[in-house]
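Down below are the structures I want you to see.
Two complexes come next, and they have one chain in common, chain A, joined by chain B in the first and chain C in the second.
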Partner chain A sequence: MIYLDNAATSWPKPQKVYDAVLEYMKKWGANPGRSGHTMARNAADVVFETRNLLCELFNADDPNRIVFTCNATEALNTAIKGLLKPNDHVITSCVEHNSVLRPLKKLRGKGVKTTVIDVNDEGIIDIEDIKKNIQGNTRMVILTHASNVLGSIQPIKQVGELCREKGIVFLVDASQTAGVYPIDIKELNIDLLAFPGHKGLLGPQGTGGLYVGEGIDLDSLKEGGTGSLSERDTQPDFLPDKLESGTLNTPGIAGLGAGIKFILETGIEKIRKHEMELTQYFLHGLQNMEGVKVYGPRDPSKQVAVVSINVKDVHSNEVSRILDGVFNIATRPGFHCAPLTHRSMGSLKQGMVRFSFGYFNTRDEIDAAIDALKAIQKEF
Partner chain B sequence: MLSRYSRQVVYNRIGEKGQKTLLDSHAVIIGVGALGTVIANNLARAGVGKLTIIDRDFVELSNLQRQTLFTEEDVKNNLPKAEAAVRHLKEINSEIQLEAVVADFNATNAEKLIRDVDIILDGTDNFSTRFLINDVALKHKKPWVYGGAVADTGMVMNIIPGVTPCFRCLIQDPPVSGHTQTCDTVGVLNSTTGIIGNIQAVEAIKILLKSEAVLKGVLTINIWQTEFDKFEIEQDKKCPACQQGKYEFLNNRTPATTLLCGQNSIQVLPQQNRDISLPEMANRLQKLGEVEYNRFLLRFKTDQYTITVFPDGRAIVSGTENPGKARSLYAQYIGN
Partner chain C sequence: MIYLDNAATSWPKPQKVYDAVLEYMKKWGANPGRSGHTMARNAADVVFETRNLLCELFNADDPNRIVFTCNATEALNTAIKGLLKPNDHVITSCVEHNSVLRPLKKLRGKGVKTTVIDVNDEGIIDIEDIKKNIQGNTRMVILTHASNVLGSIQPIKQVGELCREKGIVFLVDASQTAGVYPIDIKELNIDLLAFPGHKGLLGPQGTGGLYVGEGIDLDSLKEGGTGSLSERDTQPDFLPDKLESGTLNTPGIAGLGAGIKFILETGIEKIRKHEMELTQYFLHGLQNMEGVKVYGPRDPSKQVAVVSINVKDVHSNEVSRILDGVFNIATRPGFHCAPLTHRSMGSLKQGMVRFSFGYFNTRDEIDAAIDALKAIQKEF
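The block that comes next holds the complex of A and B.
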């Protein structure tokens, strides 16, 4: 199988990720932060080490402000629902994932106002659209770092500066960039950073997190056991406990730690460079290919390693099925949980076939994908 | 009270005692199409005390040629088959209990639906459901009556757990998708389904009355040649279902469909992937709707639905968000 669906979940993982999960479960599989015994302490150390690694990766100072979640969706829900109150105003973009759009839709029913700004043909927002929509009650700007459909990288540095200047909380969805594109939360003025563990960070599914900046106080989505202040009937008000109830996915977090170590050792610049080369190579192969339409920036410097296409008027589900069934190539068709992106690009009927590359993909695999697309387009 | 059944009561193999047994019995009819309507009609009139009727489909005009309980009015009202059947049966016999279940009969609900019944009648149009019925019937030791009909041929077999061979002794595994004939692709005469359904109904009555005269072996008919035949089958000593107690179809609760991230599209996954000849399939389907195909896929359009079939037997059904409907269309046109 040629796996080109890394934007959904990266695969394969570095060997050390698999090893770390197994080793943790066999050696230290106790409950972190609950009992004082050696195994529990070692379990807690594994969790804390991963918090430290995340701080190193994102240039954050306080590991306690890294909150573990099951995925980026839970992190985004925690940030959005934990901050916004009735009559607050939010600005977001049309290239957001449903994990932003659906919580906002729900909050709309509770009196939160939302402005969704459009993108240009390349799938990139214009900061002026944010500026002109800022109101007195604008509490938050939510922006994906890169579109999960088009790969288009958003100008988060400029948006971060604007938000800092206006005193607006800036939430960044790093689902497509964490681990594959440099993120410095200080330089970028990010208040809240939601990230999945199972994509660019190379960890197992069921991991993810939210970085909560200094001075940001979020309501908890859920309350329960934290192993701290157990005698009290209220949730602790300090991080990470306030937002981390219940036993964590420690085997997953151990694997996530190994994934981040791999990234730090390899160097994020090297990873980015490899993925840019693959993207460039693929885009080049698609150039002038009859019957294939490419969406997004079509420029590796403006996108992550995500390229979506369509073949003539064939439904993306069918093309993806053929790539899978005949050519053993895994891609993602349909709407990628981002309906507004597709509305904006005019692809609501057909969807798109998304190719997304990872650090372990090779040029040969891209060649195979290009040959497959050539063969497919000939038949329609 | 028994007077309405007087013609059965005076029939010496049923009698008053037999009639009372029938009135105390509960039969489930899985699928109320061509066979199911005939079976339900007979069993309701014969006074089987409780009938549960399960079907996931809605009445369509092309059903009326053979599905005897339904009317044009049902089509107009777009009634679920199970409900339409129960409405008509109530007019026929208001003294029995009738229950409509509008649902896909599958591994997640099979046990619950058959737990309290005395007998199961097969009114389905596809093999995967029959293999499931076989498993659940064996596990719960319920007799069931298999019936199948297509074009001018039909088959009936009684499966009585612990007594007769089972369905998997007859056919070990479901036939490959796309290679079976279905009523939608080769047609069916209403006399075929009428005769098969009638025989299933009387077999059910015999089984309920514990008659020695139950059909043993397999009955086959060809009504165009006017041939009726019976053959015996042996219990397969290695049968995974009735000998080894492995209920593979009942224990496989993986859904046979997945909702695709696309508008109105459902992917149907066959039980096993196989090579389907798309040209052959195109040939079969072209009488029934618009067909186009190439090396990679075949698209078949009928009514508001498009079925895209891939050579490995998977299909994408567009035009519905209902997995049951998608499976029905697959069973009707691709066959499984």
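The block that comes next holds the complex of A and C.
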């Protein structure tokens, strides 16, 4: 199988990720922070180390402000619902994932006001559209760092500056960038950073997190046992405990730590360079290919390693089915949980075939994908 | 290390659980339900198989009514917040975990009314206390199947009958019973069953679930990508998708499936018998031990394999510390995220030292624990 579905989850993981999960389960299987015994303390150390690694990666100072969640969706729900109150206004973009759009849809029913700004043909927002929509009650701007359909990288540095200047909370969805593109929460003025653990960060599924900036106080989405203030029936008000209830996915967090170590050791610039090269190589192969339409920036410097296409008017499901069944190539067709992106690009009927590359993909695999597309477009 | 902290998380897991997690990560690492390709379909099969195994274990009919969560805390939050509305009344007990008490505390601030009934010296509720507290607006009864501190098994069959008769939703917290005590959701009239995956079910941490009975419609705690109706920005209204947003902990769910298979193959009666024998053996060893106070039923037929004690007036933290440091025995001191249990038992100052056994514990390990306690009580 040639795996080109890394925007859904990265695969394979570095061997050390598998090793870390297994070692944790076999050796330190206990619950961190719940008991005083040696195994539990060692488990707590593993969790704390991963918090520290995330701080190093994102240039954050306080490991206690890294909250573990089971995926980026939970991180986004925690950030959005933990902050917004009735009559608050929020600005977001049409290239957001349903993990932003659906919680906002729900909050609209509870009196939260939303403005969804459009993107240009490349799938990139115009910061002027944010500026002109800011109102007195604008409490939050939510922006994906890069579209999960088009790969288009958004101008989050400028948006971060604008939000800081206006005193608006800035939430960034790093689902497609964490681990594959440099993120410095200070330089970018990010207040809340939601990230999955199992995509670019190379950890196992079932991991993710939310960085909560200084001065941001979020209401909890869930309450329960935290191992702290166990003698009280009120949720603790300090981080990370306030937002981390119940037993954590500690084997997953151990694996996530190993994934981040791999990234820090390899160097995020090297990972980014490799992914840009693969993207460039694929885009080059698609150039002038008859009957194939390419969406998004078509410029590796403006996008992450995600390229979506369509073949003539064939439904994307059909193309992906052939890529899988005939050519043994894994892609993702359909709507990618991003309905407004497809509405904006006019692909709500056909969907798109998404190719997404990772650090372990090779040029040979891209060649195979290009050859397959050439063969497919001839059939229709 | 002699591990007697199975009420926090079971350890070790059966070898096949480790194998399943690793095999999943290496072989089927893709996202179930998000793509059409072969790896994703195989991943979906693994998840569906675990749903089926849970149905078999709990005697449920519809695998789609098994919702995966990251732990029992999330399952309880989903059930409680998904059902209760302002002015609803809920009855629960003082032996609940903070994963019930803290969400209820929060909902009280939003107009939900709560009645917390007490327990007897054995840590068991009296169903009459539920009966006499039922009001016109009583919407839900929440009861732990067994106390996580005292091990005391609650009369859930009778409570289930009462709830069915009165049209009240019955939520059972099976954190201490799922996998080690028979649970038949039909026979017990359970509407909502919350369970962790990493305790008696022998799966990895980061797993859990909620069975949602026919006719129960819960509001979602989180919304996001579900892989279904991906072209819409509204959360789907069917199960399990409505309550399962974002990428699932699929390696964990694969491991959970292997854990449940181990239970079904071994037979839950055999597991229960072994744990009763260990409990009996430990209780026998504690009998007449000078300076040691034992809490709970002190009768294996009335409790799960959880026994809490105190040594004279020594703080439980100190006793657990010595058990760990000197005798290499892992227990859990303090308040076990169950403040009202400790208030009811008068142990809010001292806490308790909790011993909790699992299927892999042996009589020799119990002997070591008894010898250690004999030595400790002599020192004070």
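Convention: the second predicted complex is superposed on the first by the 380 of 380 C-alpha atoms of A that agree within 3 Å, B and C clash if a C-alpha of one lies under 4 Å from a C-alpha of the other, contacts with A are read in each partner's own complex, and residues count from 1 in each chain.
Going forward, a contact is a pair of C-beta atoms (placed from the backbone, for glycine too) under 8 Å apart; a residue touches a chain by one contact, two chains touch by 3 or more.
All of these numbers come straight from a predicted model, not from anything done at the bench.
Q: Which partner does A:363 reach: the first (chain B), the second (chain C), both, or neither?
A: So A:363 meets neither chain B nor chain C here.
Q: State whether A:131 touches chain B only (first), chain C only (second), both chains, or neither.
A: Once the two structures are laid over each other on A, A:131 reaches no partner at all.
Q: Should A:13 be classified as contacting the first partner (chain B), the second (chain C), both, or neither?
A: Second partner only.
Q: Once chain A of both complexes is superposed, is A:224 in touch with chain B (first), chain C (second), both, or neither?
A: After superposing on A, A:224 lies in contact with chain C but is clear of chain B.
Q: Would you sort A:105 into first (chain B), second (chain C), both or neither based on which partner it touches?
A: second
Q: Tell me the contact category for A:333 with respect to chain B and chain C: first, second, both or neither.
A: Both partners.
Q: Comparing chain C with chain B, which touches more residues belonging to chain A?
A: C
Q: Where does A:321 make contact in the superposed view: on chain B (first), on chain C (second), on both, or on neither?
A: After superposing on A, A:321 lies in contact with both chain B and chain C.
Q: Counting only touches as set out at the top, which of chain B and chain C does A:249 meet: first, second, both, neither?
A: A:249: touches chain C, not chain B.
Q: Identify the overlap between the chain B-contacting and the chain C-contacting residues of chain A.
A: 317, 321, 333-337, 348, 351
Q: In their shared complex, at which residues does chain A touch chain B?
A: It comes out as residues 315-318, 321-322, 325-326, 333-337, 348-349, 351, 376, 379-380.
Q: Enumerate the contact residues on chain C facing chain A in the complex.
A: Counting only chain C, the residues touching chain A are 1, 3, 5, 8-9, 11-13, 17-18, 21-22, 25-26, 29-31, 34-40, 70-74, 76-77, 97-99, 101-103, 105-106, 196, 198, 204-208, 220-227, 230-235, 245-252, 317, 320-321, 323-324, 328-340, 342, 348, 351.
Q: Spell out the part of chain B that touches chain A in their complex, as residue ranges.
A: Residues 260-263, 265, 267, 294-297, 308, 310-312, 314, 316, 318.
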